[in-house]
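Here is the structure we will look at.
The first chain written gets the first letter, and so on, giving A, B and C; residue counts start at 1 in each chain.
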Amino acid sequence: MPKTVSLFVPCFVDQLQPQVAIDTVKVLRRIGYTVHFPEDQTCCGQPAFNSGFWDEARPCAERFLKIFGASDVIVCPSGSCTSMVKSHYPELLKDTPSYNDAVTLGQRVYELSQFLIRVAQISDVGSWFPHSVTYHASCHATRELGIHDEPLTLLKNVRGLELRSLPHEEDCCGFGGTFSTKFGMISAAMGDTKAGNIEATKAEYVTSIDPSCLIHLAGIIGHTRRSSKPIHLASILAQEAQ
Amino acid sequence: MSTIPLQEFLRRATEKCADLTHRATIQRNIDSYDVAVAKGKQRFSDWEAARSRCSEIKAEAIAHLDRYLEQFEGKVKERGGHVFWAETAEDARQYIAGLAQSRGVKTIVKSKSMVTEEIHLSGALEKQGAAVWETDLGEYIVQLRNEPPYHIVTPAMHLTRVQIAQTFREKIPSEMNGEEPPQLVAAARRKLRKAFFSAEMGISGANFLVADAGMVAISTNEGNGRLTTTLPRIHVAITGIEKIIPRLSDLATLWPVLATAGTGQPITTYSTLIGGPRQPGETDGPEEFHVVLLDNGRSQVLASREHREMLKCIRCGACLNVCPVYRQIGGHAYGTTYQGPIGSVLTPNLKPSAGFEHLAFASSLCSACGSACPVRINLPHQLLLNRRDAMAKTGQSGSRTMFRLFRWTAMSSVRFRVMGWLSRKGISTAKALGIAGSKLDPMRPWTQYRNGPEVPTQTFREWWRTHGRQ
Amino acid sequence: MAGSNPQRERILARVRAATADNVPTTAPAASKAPIFAEIPDPLERFLRECAANLTEVICTRDSMESAAACDRVLQSLPPGELFFQDTPVFRSWASHVDSARTVRWSSGGPPSESTQATFTLAHGFVAQTGSILSSSLCGGRGASIVAPCHVVFGTTEQVVADIDAALQIANHDLLSASYVGLISGSSRTADIEKILVQGAHGPLRVVVILQAAS
C-alpha cells in the first residue's frame, strides 16, 4: 500500500476555493500520507467535453495523462472531476494511442471520501465539528461513481457533528457547468428548490464532496438570503478539537 | 440552424421557472409518483436484472428489426389484418385519413398514442370533417383545452382539479355533477361513452408489436384502449417500427417493468393484445384491423451505432419524472412531441433540421434520467453525443473561439495562472465597483441569479509554494 | 388502399443497411438472473393481489356454493340488462335471474351500451399480479369491458403462478383469437392530481367467483 498520493486539484478549486484543497492536504497528512502536487496540472477538460468540443478537450486529457502518468494513486476533492477522468476519458480517447493509459489511469483516480474509505480504509479521521450538517449527494459522485455511503460514514464519525437528512438529497443542485450560465433561469430554479430543501432541515451547514455544487449553492443561498453555510467535506474533516 | 425553437424555449422556460404554483403542482404529482415507484420496485427481487433483461430484449429486437417486422406483418395478415408501412408522417396521415374518408367515417375515438401526436393526426382527420375524441382522461382534458400533452404518460399533470373542473364547466357543462375527481371522471365517462358507441373508427397506439404472435400490445388503466379497439367497425393501430419485440414471453418482463417505471403499478390494469379483426365465430370486434408502421426518421437513428440505443425507449415517462429540468420547466416548454430527457435526445435525431439542438444543452447532466431508464438507455451519454454533434454541425463560432481559448489556456500552467488571475480580478473588480449582477457585469450570466463567489487572496498553488513540504 | 406499399421495401432496405453491422446483443448473465421472487403459494398470492388491485374474489367449495355466490352478486346489481357467455354453467345460473331483466347471450351478439353486468369464463388467473387471463373466446371482446360490472367464474386449478405462465397459455391456445388480455382489477385513472378513481371507462367492479378444484 503506497503511502504517497498525488493530488488532483480541480482548476476552479485552485483559483476560487483553495481552502478545499488545503483541507484535503491536511486530512491526508493527518492520516499519514505524503501528498504530492504536480504543479503543471491545469484543467481536466470537462468544460470543453461537456460543451460538445471534444477536439478541444482531448489535448487536455492527454496532458493530464502525462502529468499523472507516474502517480500510483490520485486523489481529488471533487466527484465530478474524478468522474471526468474515470468515466469519460476512455470515451474521449477512444481510437487514440492514449486509450489504454486512460483506462488504467482511471482505475487509480479516487474522489477523496472514496479514497479514505475504500483505499486508506479509514472511516474516522479524528475530526471535531460541533454543528448540525446536512449532506447534498452530488450527481456525478452518486450516479457516475456510485459514491453514497462513504461521505456519510465519514460524517457520522466526526465528533460533535449532528447529521440531518436532506429531503431529495440526490436531486441536482442545478449547477451543471456551462448550463448554469446558458440556461441560468432553469439552473437557478433548480438551485432554489435545493436551497429550500436545505433550509427545511434547519441545519447550520450543507456539505458535499463536490466544490462546484457548493459554489453554486453559496451563490443561490446568498442571493435568496437564506442562512445555511455551504462547506466542503474536506473542510469538515480538517477540523480538529482545540 | 433555426433560432426560433431556442428563443421559444427560453421564453417558456423563463416563464415556468418563475411560476411557483406550477413548481408546486408538478412537485406534488411527482412526489406521489416517487413513492409509488419505490414501492413498485420492491416487487422485483432484482430490479437491476429486470432493467438489463428489458434492455437486452429491446436491443435484440432492434438488431434484427427487419426480420421481426416481417414476422409480425405475416402473422397479422394471416388473421386478416392489414399492415401499412409509412416512411413519413405525411404518408401515415394520408393512409389513415384516406381510410376514414373511403369508409365514410364521421366519428373517431382515440386511445392514447404519442405517435399520433408526432404525426399531428387529429388535425388532419378533423380537416376532412371527422369528429376526433381523445378518450384517455388526461388526453381528453388537454384536448378540451387545445393544449398538447404535457407529459408522455400523464398528459394533464400540470393541471389541478380546480383547473380541470373549470375546463369541464366551460366545455361539457351538461355532464357536470360536481367538481371532485370522481365526479369529473364520471362526467368524462358519460360524455365519451356516447362517442365510443357511435364511432366508426378507433385509433390506438401500441406499446409493443409482438413479432412471434403477430399481436399489438396496448396497456391502459382506464379501459379506453379496450373500448377503442373493440366497438368501432375499424381499428387502426399506429406506432413506430422500433416498438417491435421478438417474443410473446418477453412481455412477462416488459409489462411489469413498463407499469412500474411508468406509474409504480405491478402491471397496467388492461394489458391487452390485439391480433386482428373479428375472427370467424367470434362474437364481436372490428371488421377491419390496420396496423401502420411508422419510420419517420427512425431508420436514420438506427443507422448510427452511437445513437441506436435510443430506439430501445418504451415511452414509460420515468426520465421525465426524475428530471430536475422537466420539474422546473414542465412539458410544454420543450415545444416537442416527446418531452424531457428522451425528447431532448430523440428530437434532434428524428428531426435533424428542425432546430432542436439546444435541448441537449438544457440539462445539468445530472444523470438521474440514465439511472431511472428501465431499458438502460444511457441518456446522459446521448445528451453528450448530441452536444458534440450539434457543435460539429453548427460551428457555433462564438463558443468555438471560447473553447479554443480554453484549450490554449489549459495547455500551459503559466497561461492558466495568468488567466486565473485575470478572472479573479474581474470578479473582485465588479464587486468593488458595485456592478455585480448588473448589465455592466461581465459575469452577469452567473450573477443575475446568484451571488458571485468570494475571491480568495491566494490560490492553492500559491499556498503550496509555502506549505508543500511537510 | 391496402394494395401496393412501395414504402415497405424502402423502409426494410434502410433497416437492413442500418443493421448490417449488427453485433450479437444477448448478454446471458443478465438474462438468466431471477427477476421476481418465487411464488410458493399461488392461490394465497392471487387472493392478496386481488385485494390490492380491487378485484372482488368469492371463494366457493363446490358448484352449489358458486351458484349461490352468483345469486348474491345478481341481487346486488342495479336493475337492467345482463350478458352471459353462452356456456352450460351460466345457462344453469341464469335460470335464477329475475324475469324483469333482459338477458343476452354471447351466441346472440355482444353486450349493449346499457348492459349492467357481464358474466364470463377465463383462461386462467395470475397469482403474481392478481390478473384474469381473458380473450375474445370468453364471450367476445366487449364482454369484459363494456358493462359497469364484470363477473368471472373459474376454478382454483386455473390459478397459475406468474405472467410468464399466463403467456404460455396464450401462446398454446389463444393465438387464433383476435384479442387476448390480462385484466388486473377495475378500470381506473389517476390522471387528476394522481388521485386514484375507480371506474373510468370500463367496469367499476370486477368479481371473480373462484371455485375450489374438484
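Following the convention adopted for this analysis, contacts are C-beta pairs under 8 Å (C-beta built on N, C-alpha and C of every residue); 3 or more make two chains touch, one makes a residue touch a chain.
What you are looking at is a predicted structure, and each value in this text was computed from that prediction instead of being measured.
Taken together, the touching pairs link the chains end to end in a line with two free ends.
Taking the CA centroid of chain C as reference, the farthest chain centroid is that of A.
Measuring from the averaged C-alpha position of chain A to that of chain B gives a distance of 32 Å.
Here the spacing of chain A and chain C, counted between their Cα centres, is 53 Å.
Chain B and chain C, compared by their mean Cα positions, are separated by 29 Å.
Chain A contributes residues 9, 11, 13-19, 21-22, 25, 29, 34-35, 37, 39-43, 45, 47-54, 56-57, 59-60, 63, 91, 139-140, 143-144, 170-172, 174-191, 193, 215-216, 218-220, 222-223 to its touches with chain B in the complex. Remark: chain B residues 10, 13-14, 17-18, 23, 27, 324-325, 327-329, 360-368, 370-371, 381, 384, 387-392, 399-400, 403-404, 406-407, 409-413, 416, 420, 423-424, 445-453, 455-456, 458-464, 467-468, 470 touch chain A in the complex.
On the side of chain B, the complex with chain C involves touching residues 28-29, 32-33, 43-46, 49-50, 52-53, 56, 59-60, 62-66, 69-70, 79, 82, 84-87, 91, 95, 98-99, 102, 135-138, 141, 154-156, 159-161, 164, 181-182, 184-186, 189, 192-193, 196-197, 213, 215, 221-224, 226-227, 229-231, 241, 248-249, 251-253, 255-256, 263, 266-279, 282-285, 289-290, 293, 295, 299-300, 302-303, 305, 308. Residue ranges of chain C in contact with chain B, taken from their complex: 1-2, 5, 7-8, 10-12, 14-19, 21-23, 25-27, 30-31, 33-37, 49, 53, 106-107, 109-110, 113, 128-131, 136-137, 139-146, 162-164, 167-168, 170-171, 175-195, 197, 199-203.
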